[in-house]
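The structure appears below as structure tokens.
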Amino acid sequence: MLIGKIIGKVVCTAKEPKLEGTKLLIVQPLDLKYKPIGNPIVCLDSVQAGYKEIVLIVQGSSARLVTYQGNNPVDAAIIGIIDSINLDKEV
Amino acid sequence: MLIGKIIGKVVCTAKEPKLEGTKLLIVQPLDLKYKPIGNPIVCLDSVQAGYKEIVLIVQGSSARLVTYQGNNPVDAAIIGIIDSINLDKEV
Amino acid sequence: MLIGKIIGKVVCTAKEPKLEGTKLLIVQPLDLKYKPIGNPIVCLDSVQAGYKEIVLIVQGSSARLVTYQGNNPVDAAIIGIIDSINLDKEV
Amino acid sequence: MLIGKIIGKVVCTAKEPKLEGTKLLIVQPLDLKYKPIGNPIVCLDSVQAGYKEIVLIVQGSSARLVTYQGNNPVDAAIIGIIDSINLDKEV
Amino acid sequence: MLIGKIIGKVVCTAKEPKLEGTKLLIVQPLDLKYKPIGNPIVCLDSVQAGYKEIVLIVQGSSARLVTYQGNNPVDAAIIGIIDSINLDKEV
């Protein structure tokens, strides 16, 4: 999974029917110092995340397996809001 | 998912039988300022998108799960026509 | 999907039993001006494509879903022979 | 699969319900000389790996197939603790 | 699929139970001139390949579909030992 920050959303009127009622957020992947890496990814929100929140995103077929908003034709989903990143020996 | 612009189409006479009657569009992925990123991707159209429209594309196995033109051996599909990208706090 | 050109084939005597009788072609991915991009990919042929033909390739789990030579443990397959790439407004 | 080193963990209070009780570790992919390559990946732990241990990680849908903590919406999992990497002819 | 050379193996005592009895080989991907491209990949062996042999590797979910050692939580597998790469018109 990747760490990212929510930086916006995408609005589509004409879309795949299964996506009706979903929220499609734009997430900028970050490194461990919260610096942007790579390009933003549009993700299905399954945890009611908000603007500028640091989140955990899953990509690929697992994005369809989230409890809320699952079974959608998506390839990326937000699966957690990150409280902290611990880089010490207490794993 | 990625944001992209429709820039053309691919025509195949000899092809996988399941693709008969599908439309295969060429989509250029874009960043949030609509600048091209990476190489174009050939995508199944499932939302009747048109030339130069800004669209949302899904990659991987989820491309087979679209409502219209689903169950095809494809790895990319257009799943929405983007009206706007909002980068402010109203997510 | 990607656009590519067939540039050779791979011959394996010792191989996964399910691959017996399949043809494994080497495809060089191309951009829209037919210039090589990235490294060649070994692809299952499901449309009887020939040397130097321009083809459409699918990657990932969808490569197992082709009508002919399907259900094989492959991650790339040729699914069409491209007649033309149209970059004008007639999509 | 990739070789990596555990360098931390991610803590999420609000998260996908299926992830309750899982441990999400941060793994830095390494080359064969144990030098970092690419960006860290957040992985589900399925083998009770510890801080700074060298581990084997699997990505994609196979990350859901681990014996312990399986069937989760994740795209990366730790599947082994590496004792040694042998680069001689004894394979 | 990719072409690669076996350059070593990984030894794990503590590992995912399903991996007991499998052989995890390190494969260096190669281009068509047998020059290394990208980083080594740890692959399940399903064809009893040996040190320095040139092999064909499959990535993603298809790595679980090999006849021998199938259904394992892996994302890469060796599916053939390459006898030759033909780059002429006899495809």
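A, B, C, D and E are the chain letters, set down in written order, and residue numbers restart from 1 in every chain.
In the analysis below, contacts are C-beta pairs under 8 Å (C-beta built on N, C-alpha and C of every residue); 3 or more make two chains touch, one makes a residue touch a chain.
In this text, all values refer to a predicted model and were calculated from it rather than measured experimentally.
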Completion exercise
By label, the chains that touch subunit A as well as subunit D are none
Completion exercise
Field rot_deg for pair subunit B/subunit E, CA superposition, rounded to the nearest 5 degrees, holds 145
Handout entry: Same-residue or different-residue interface between subunit D and subunit E, half as cut-off
Key = different
Fill in the blank from the handout: dist(centroid_CA(subunit B), centroid_CA(subunit C)) in Å evaluates to 20
Handout entry: Centroid spacing, where centroids are CA-atom means, of subunit B and subunit D in whole angstrom
Key = 32
Completion exercise
Residues in subunit E with touches to at least two other chains are numbered 60-61, 63
Exercise for the section: Work through the pairs of chains, note which ones touch, and then classify the graph as line, ring, star, complete or other. Expected result: ring
Fill in the blank from the handout: When the ring is traversed from subunit A toward subunit B, the order is A, B, C, E, D
Practice task
Could you pull out which subunit B residues touch subunit A in their complex?
Solution key: 1-3, 29, 31-32, 37, 46-49, 56, 58-63, 65-67, 77, 79-91
Practice task
Flag every residue of subunit E that touches subunit D in the complex, lowest number first.
Solution key: 6-19, 23-26, 39-43, 50-52, 60-61, 63-64, 72-76
